[in-house]
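Per-chain residue numbering starts at 1, and chain names A, B and C are given in the order in which the chains are listed.
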Amino acid sequence: MMINRSDRTAWWLVAPFLAMEFVFVAIPLGIGAFLSLYKVDFLERTSFVGLGNYWAVLTSPAVLRSVWLTGVFTFFALIFTFVAGFSLALMLERDSRLHVFGRAVVLVPFTISMLVGSMLLKWIFSREAGLMPFALAPFGLGDVSILADPTNAMAALVFNAMWRDSAFAMILLMAGLKSVPLQLYDAARVDGAGPLRRFVRITLPLMRLPILITLVRLIIHFANILTFPLILTGGGPSDATNIIGLQLYRTGFQDYRLGIANAFALMLFVFNILLILLVIRLFRAKEQQA
Amino acid sequence: MNPAQRLGALLGALALCFVSSMAMAQTVTMWTFLDPSKPTGRDRALKQMIDAFEKTNPGITIKVESQVFSELGAKFLLGHRTGTAPDIIFVNAENLGALLRANATADLQKAFVSAWAAGQDADFYMRAAWDAAKVGDARYAVPLFPATATIFYRRDLFAAAGIDPASLKTWDELTAAAKKLTRDTNGDGNPDVWGIGAPLSVERTAGTTALVPMMQSGQNEVWDGAACKPHYATPAGERAVRTHAGWINADKVMPREALVNNTDDILEQFAAGRFAMVIAPFARFENAAKTATWDGAANLAVMPWPTWDGERSGPQIVTGWFLAAWKNSKNLPAATKFIDYMISEDGVRLWATVGGQVPTRSSVFNDARFQAPQYGYMRTMRQAWSDWSFMLPTGCNTARFDADLNAAVHRVVLGEAAAPAALKEAEGKFLERQ
Amino acid sequence: MSYRSRILLRRVVDTAVTALIALICLFPILWGLSTSLKPADRIMAYPPRLIPETVSFEHYQRLWDQNILHYVLNSVVISAGAIALCLTVGALAGYGLARFAFRGKSGVLLVIVAVMSVPISSLLVPTFGFMVDLGLLNTRTGLVLLYAAYELPMAVWILQAFFQTIPVELERAAMIDGYSRLEAIRRVILPLSTTGLVAAGLFVLTFSWNDFVVALVMTTNDDVRTLPIAIYNFLGYYGREWGPLSAGAMVSVIPLITLFVIFQRYFLSGVTGGSVKG
């Protein structure tokens, strides 16, 4: 267990970490919070507006729509990425040569720059220049447009997320799997438990923490993602894929409305934290039941 | 302070010493999207210009810091606010308003234009561009590379379909021609060559649709520049949006994918042979001819906008790149001197001959060499600019206005809203940014 | 079905599924590779061809001519600096969290979660002004510090979970032998934590090697620019240059994949260490 030597030693150990976060995250965040109370045009602070920017964000139809779309995107991206990551982890867990190759391959989309990855996907998906129509034509879908249809575009965005981040989920989950004692499985097998039963009874309960970590990381990642929609769909067609990360970026960097952007970012930040706490709370409740 | 931070502060201090010692030797820093070490014509033109300038001005060194073009404006504003901006910047028309409103650039009229010989400034025949950054008697930027969206077309496909490009005077004639040019060559039921393509995505860099020229040629002003109010939801606006939506939905002369295509996508597909006409920025002409998988040198051409009534060619929005000096520059005289040189007759001639840019001065345009056939596209554009050109309201925040208008087309194409409502939305977005 | 043929069938299915996954994962990247090898005027050819008719190295030549090595070097230096800083600071904090139950610990844990939840793009403008004040704009140090700060929560999280799996007795013994605590960490804990350190390091590497948003804003001259910016520059005002763009992407992805393949065993066992306590 813990050595309860002295609080002071512990604080000295974490101090450099806290100092770094204070200087490079908290201070800019504080400046942002300050700016969020002003009207900032073309990066110049003009007049104090109090909570006006917050009100403007909360009442903007574009923002509300982006919040809804982010919810849809995060929900599906989370499910697909998590299930794909978990399946890959289960499938590639044993160290055969084939599986080592499989893992390396799955890691490739994760290690390539998001910008380039999404650009290549956009090209492939494009009906007029891409390869997808040729793949779809034999199924009578040669005429289907992936990116110009609101639903399909959202699906493409989810695919982009799954394509890149399944490896991330796989890594986190596989590490957890590796620490499940094999004897437990052997014992269960002797008792006549099938694979599904073994998974539900042994794997899932023992994997609670890795699952939690994975879900939290993925949720934060998806809820704030900018590169995928910026490159793959540009937020379109219409505003079908204009999710929060993109809306925020455009408000600040393209419209030069920094007061609003900062208010928006701060609310997003608080929302993220609440979301994480909620997920953790849910897990705790589950844990106590079990 | 941990050691890393101390080190950082130290390095920072060193860097500052370095910068200030260079300032003594009159180093003028310039932000541009060009890069003198690269091999393209424009880059080489800049290199030659710097060499020539430094030779005649031994005390001054020009230091180029290349930037990503799409972030140049925002970064300059950041630099202005934090006192780290360069002495000279390239600024695109879309960001000109932001710079003027931030009051970040120096008055070039006072710096050198006022000292020019009489009539010199009339040499800049694109008056809308020349006066774009004029506020009262002051002039906060001067045009360098004029650009505008226009229609690129393929001579070979027009000839094959028996269409004379000069006969396309009205938008309806253009649509009819596009129908003739749309062809399904492999018989799979989908067109392989589309009549017309336009970058209709809602990205910022997409802004080259024909919407504004259509609106402008059907009504008086699209924007009230003094009050920064857009007039989109007008009969002309509705007609423009309906025409675009019609190209996709009813006439089927433009693929629906155009909704998510930006300029790069459209031009790449044009290069691949998927379009007979595309709407694209004129500045891309040279590159489009070079990357074409068909014979670009022989078959690529431009035409001016049609209008509704066909009585004259349509209005060209003047965009492109301008030069400005940072107001708080420590080397302002040297900086403005180099700007003066870059737009002098010698400078413009270099940009045109080595760099392949359209000459901004009549005197250079009248050089014998520009009468040769391969400069035909430049003469077409010059004529169109002289006929009817206008600037965006530079006093307003015009960021992403084109994306707003494109979004209105999306609404109509996808059946999410009718044209008037979609245009009202676009007006709302414009007003929200002011 | 005999046992033997069942094993065989299983292997076939296993191989087929792995092949399918490989296809989905690698296809876009193979497309990029193919593009990087096509002559400039064939890149846009329609219908598209996966295998280039003629192979050309012109785009790689162009990268070389534009001194790509300079940017690669900057990326290496900056990533290495960020990893070193992140692991040093992260190991100390991770150790503190793993070994001590101190007042305010849950506050520190909250900081980890909070920093992870900050949308980085919203920090850029305030950070820019602040970096100017610190004299860190346009410095490699500035980027190292920022990358380390953004990735530290992940590193601390991984490392503290990992340290918990190392028996306390080991360092207690070392301290009885007269080592100070820092020495005990250095001599006993860190050598046993290679896997955790590698895992944390690879996460920092993935971020700092690929980041272009932060680097784009915080640098204005080529002296300190990183590889992703050099690649991003091929999305120019006069058109998107797929050839050098995809060649650059290949150049940037190969070292990273190599490292991941070499270290993947460490990586996997290091990520959540023994944090599964059931």
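Note that a residue touches a chain if its C-beta (ideal position, glycine included) is under 8 Å from a C-beta of that chain, and two chains touch if they have at least 3 such contacts.
Treat the numbers as computed from the prediction; the structure is a model and nothing was measured.
Engineer: Between A-B and A-C, which chain pair shares more contacting C-beta pairs?
Structural biologist: The comparison resolves to A-C.
Engineer: Quick check for the class: compute each chain's Cα centroid; which one is farthest from the centroid of chain C?
Structural biologist: Chain centre farthest from chain C's centre: B.
Engineer: Between chain A and chain B, what is the separation of their C-alpha centroids in Å?
Structural biologist: Once rounded, the distance between the two centres reads 36 Å.
Engineer: Just how far, in Å, is the C-alpha centre of chain C from the one of chain A?
Structural biologist: The answer is 16 Å.
Engineer: Which residues of chain A are in contact with two or more other chains?
Structural biologist: In chain A, residues 16, 20, 23, 43, 129, 253 touch at least two other chains, as defined above.
Engineer: So which stretches of chain B touch two or more other chains?
Structural biologist: Within chain B, the residues that touch at least two other chains are 2, 5, 71, 78, 81, 268-269, 272, 274.
Engineer: List, in ascending order, every residue of chain C touching at least 2 other chains.
Structural biologist: Those would be 44, 46, 89, 125, 129, 145, 148, 232.
Engineer: Name, in rising order, each residue of chain B that touches chain C in their complex.
Structural biologist: Answer in residue numbers: 2, 4-5, 7-9, 11-13, 15-16, 31, 33, 35, 37-40, 42, 65-71, 75, 78-79, 81-84, 86, 264, 267-269, 271-274, 283-284, 286-288, 291-293.
Engineer: Chain B touches which residues of chain A in the complex?
Structural biologist: My answer: residues 16, 19-20, 23, 41-44, 60, 62, 126-129, 137, 142-143, 145, 147-150, 153, 233-239, 242, 250, 253-257.
Engineer: Would you pull the chain A residues touching chain C in the complex into a rising list?
Structural biologist: Touching chain C: residues 1-5, 7, 9-14, 16-18, 20-21, 23-25, 27-29, 31-32, 35, 43, 88, 91-92, 98-117, 119-121, 123-124, 129-131, 134, 163, 171-172, 174-176, 178-180, 205-210, 213, 216-217, 220, 224, 226, 245, 248-249, 252-253, 258, 261-262, 264-266, 268-269, 272-273, 276 of chain A.
Engineer: Using the touch rule from the top, collect the residues of chain B that touch chain A in their complex.
Structural biologist: Of all residues in chain B, those touching chain A are 2, 5, 71, 74, 77-78, 80-81, 98, 101-102, 188-190, 194, 201-204, 206, 255-262, 265, 268-269, 272, 274, 397, 399-400, 407, 410-411, 413-414, 416, 429, 432-433.
Engineer: For chain C, which residues count as touching chain B in their complex?
Structural biologist: Counting only chain C, the residues touching chain B are 40-46, 65-67, 85, 89, 125, 128-129, 132, 134-139, 141-142, 144-145, 148, 216-217, 220-222, 229, 232-233, 235-240, 242.
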